[in-house]
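Note that the chains are named A, B and C in the order they appear, and that numbering of residues resets to 1 at the start of each chain.
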Amino acid sequence: MIMTRNPQPTPKVVLQVQNASIFYGSFRAVRDVTMDIYANEVTALIGPSGCGKSTLLRCFNRMNDLVPGARVEGKITYHGKDLYARDVDPVEVRRRIGMVFQKPNPFPKSIYDNVVFGARVNKYKGDFDELLETSLRQAALWDEVKDKLQESGLSLSGGQQQRLCIARAIATKPDVILMDEPCSALDPISTLKIEELIHELKQNYTIVIVTHNMQQATRVSDRTAFFNAEATEQGNRVGYLVEYDHTSVIFNNPKQKATMDYVSGRFG
Amino acid sequence: MTDISQPHTPDTTNDQFRKIWTSPRNLFGLFMTGLTGLFAAIAILPLAAIVINVASQGLPLINLDLFTKLPPPPGLSGGGLGNAIVGTLIVLGVAFVISTPIGVLGAVWLSEFGRGSKIAYWVRFSANVLSGVPAIIAGLFSYTIVVMTMGTFSAFAGGVALAVVMLPIVMRTTEEGLVLVPEEVRLAAFGLGATRFETVSRVVLPAALPSIATAVTLALARAGGEAAPLLFTALNNNFWSTDLFRPIATLSVQIYFFAIIPFKPQQELAWAGALVLLSIILIVSIVSRFLTRRKSY
Amino acid sequence: MAATSTPPESPEVAMIRVRRNLRYYLDQGFYYLTMAFALAIAITLVWIVIQIGLTAIPAITQFGLGFLTSTTWDPVQNIYGILPQIYGTLVSAIIALVVAVPLGLGIAIFLSEDFLPTYVTTPIAFAIELLAAIPSVVIGLWGIFILIPFLRPFYTFVHRYLGWIPLFGTEPRGNSLLTLGLVLAFMILPLITSISRQTLVSLPPYLRQGAMALGATRWETILRVLIPAGFSGIVGSIMLALGRAMGETMAAAMLVGNSNRINISLLEPGSTIASLIASQFGEAGRDQVAALLYAGLVLMILSLIVNILAEIIIKKFQNVER
């Protein structure tokens, strides 16, 4: 599918960002983003440091609520429902829209307890052992840990810990998985494993991934959004969306010069 | 429906994320938040009650006599706690003279020379353990080393006991103050050819002086309220005394003795003494809190 | 000595050679002085145990370990045992912990979460710290004249309706183990609150984010992730509080009633080791002083065990986290 426009019918929109700006107190961190995120695709957010891609990602499951003074203007909808509507429970949002962090962050509990944590707090009625195995299998970690499920999650290697965190996110049965530079703390081999995993997971989940690594974006994503930052009159830097398209278009034939400069490494 | 290879399929209604306040999880959270808030309110209550009661019982009795007169004989009214106030200051003076050099210089070693060493670890460990040792043990200790050797209860023995109470507080809080002095300041002094002694005495200690002063003042306030270490070291004295080697009255011990005897005038003096003691301690604590807060920013 | 053939030193080398002048000795002296003072605190700790132990030898040889299991305290016959005091010390400390641990932990959570803005929580936290600054003799005075009369109707009520439970089985008197336990609870509350709060605040933020991102509510995050992760810090704070409660003297001497008996009812007067020493030492003769020092040694050892355990637990927590 080289250079062909719309090779298949446009898939369903899961997350829709309409003219969103994100503020910390009076400081605007991201301005006027409009983009759609499609079901069962991997969408990569790329761009230089401080361009607001992680900030935007954290707005998708309202993790930014935890930052005092953070607020969103404009609209972010999930299957048409405004995520920031008054009657939306952020706890429920985070269950449906899971998140994997930059640094692997297993709880200081056993592997077993880590994976079933979400199921426990969400009063999951089914079979925990089955949930555990399916989640760990999907995260490609089952074979490595099946004999030591009671060991601490912290005893695993960095790459294993990150896959444990992915398994933990999967076990809450989310619809969307957000990944905030999931490989930046990992070695190349672990990175490759996570990337393979993302390919597998795409069949069942919608994935949004923030990455610094452009090769990674080309390897894993279907669509790519390129963000950049510009100085404001107040001397702050505000992030904005430069271009959003199929990954092949962004990397081979971008419409904006800034995108071309960035993906070809002639940036800054 | 335990097959999770199929992801959750969202229903298309818009109600899916509605916050249901009556759901067990949210009710539980509300309940816990309310409960812990209530706990915080409960905890403030005794503080408020003590301050209000001591103030209302003690304020009518505050007059010049309280600070200048001797206590009355049992059952008689009038008089004051003048000798006990002077005695507290004398005993605290002794404790200050003993504990401050040891505490401050020991802290200098901990923060400047011994940082990270095994010995420093054990010294800190001992300081923490010593600060948890009951105050009355400090009294017993001073009794065995001072009172028994000198054959008499004395202001000096009381000072030694309070010094044991103060020492770990002075050492640990001074160390915290010294660690806050920026490393560049030390490097600059060493770089100009100063010895360790010169660096510490001319640069580090002056820079940390406000926090050391706060540490010592807080320790004095804490020790000034202690009665247990003084009961059988400084003992008590119904008359004026400034002799270091004779028994001496102190405010805290006087409050204790007057609280447990059944005479109204003495009990009133106990309240007045409690008000004096409490005011000084609360003022010192609050003021030092504001001073150190300003320091740290 | 090969000094004969050594070539003369260049002035530059001579300049940087150690010179044993006044400045050098001052510096060395200062170093060793500070070190001696630092060591003084460790020596003091050991010295206290040895000194009290040595002075108590007459009583130790006379009563041996039977001192801990005997209930007699007879200054006339000079026969001494402190079982009622050990019992009272432990029971009052346990009452204090039962009240103060949930209270203190709850407050620590309340103050470390952003339920309220910091300009509200900071004064609350400071007020609770101030509670620790109140001299115990003032608390004792307040307890005798304000708290005991205030508690009396509650005690009567408890005895009337719960009197079938042995713990409340006797007519309430004002001075009792229960009164002391309640007062101790508020005296140790600041300690539990402040250390537990520091522990919770120092937990890495990713733990909270991780739990929240899985759809845990705030309270599920606190109870299932934060508290288990900070468990040893919290246990350490409880141990420190236990040590403090066991050693508290003035409040005990003024509120516990100083009765040399073991009674299952918490509404009865009792005695603690510290209150025994405080109330008897003044009029004690030679043999009784030795017995009181023996009691002091027991208290010292109990408090050392508790405090050392607390230190180790807290250190362990810090090592795991850093």
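Assorted remarks:
Heads up, the rule we're going with is that a residue touches a chain if its C-beta (ideal position, glycine included) is under 8 Å from a C-beta of that chain, and two chains touch if they have at least 3 such contacts.
Quick caveat, the model's predicted, so the values are computed rather than measured.
If you draw each protein chain as a dot and join the dots that touch, every dot ends up joined to every other dot.
Chains B-C form the pair joined by the most contacting C-beta pairs. Each chain gets a centre from the mean of its Cα atoms; for subunit A and subunit C, those two points are 49 Å apart.
Rounded to whole angstrom, the centroid-to-centroid distance between subunit B and subunit C, based on C-alpha atoms, equals 14 Å.
Centre-to-centre, using mean CA coordinates, subunit A is 51 Å away from subunit B. Residue positions 91-93, 96, 121 of subunit A are each in touch with at least two other chains. Contacts with at least two other chains are made by residues 217, 220 of subunit C. In subunit B, the residues that touch at least two other chains are 25-26. Residues 25-26, 28-29, 32-33, 35-37, 39-40, 42-44, 46-47, 49-50, 53-54, 57, 101-103, 105-110, 112-114, 119-120, 122-123, 125-130, 132-138, 140-141, 143-145, 148, 164, 167-168, 171, 195-198, 200-201, 221-222, 224-228, 231-232, 235, 252-253, 255-256, 259-260, 267, 270-271, 274, 277-278, 281-282, 285-286, 289 of subunit B are the ones touching subunit C in the complex.
Here subunit A touches subunit C in the complex through residues 61, 63, 66, 68, 91-96, 98-99, 101, 103, 105-109, 117-118, 120-122, 165, 168-169, 172, going by the rule given at the top.
Looking at the complex, you find that subunit B touches subunit A at residues 1-10, 12, 14, 16-20, 25-26.
Per the touch definition, subunit C reaches subunit A in the complex via residues 114, 204, 206-217, 220, 224-225, 228-229.
Across the complex, subunit A meets subunit B through its residues 78-81, 83, 85, 87-89, 91-93, 96, 121, 123, 126-127, 130-131, 134-135, 138, 170-171, 173-175, 204-205.
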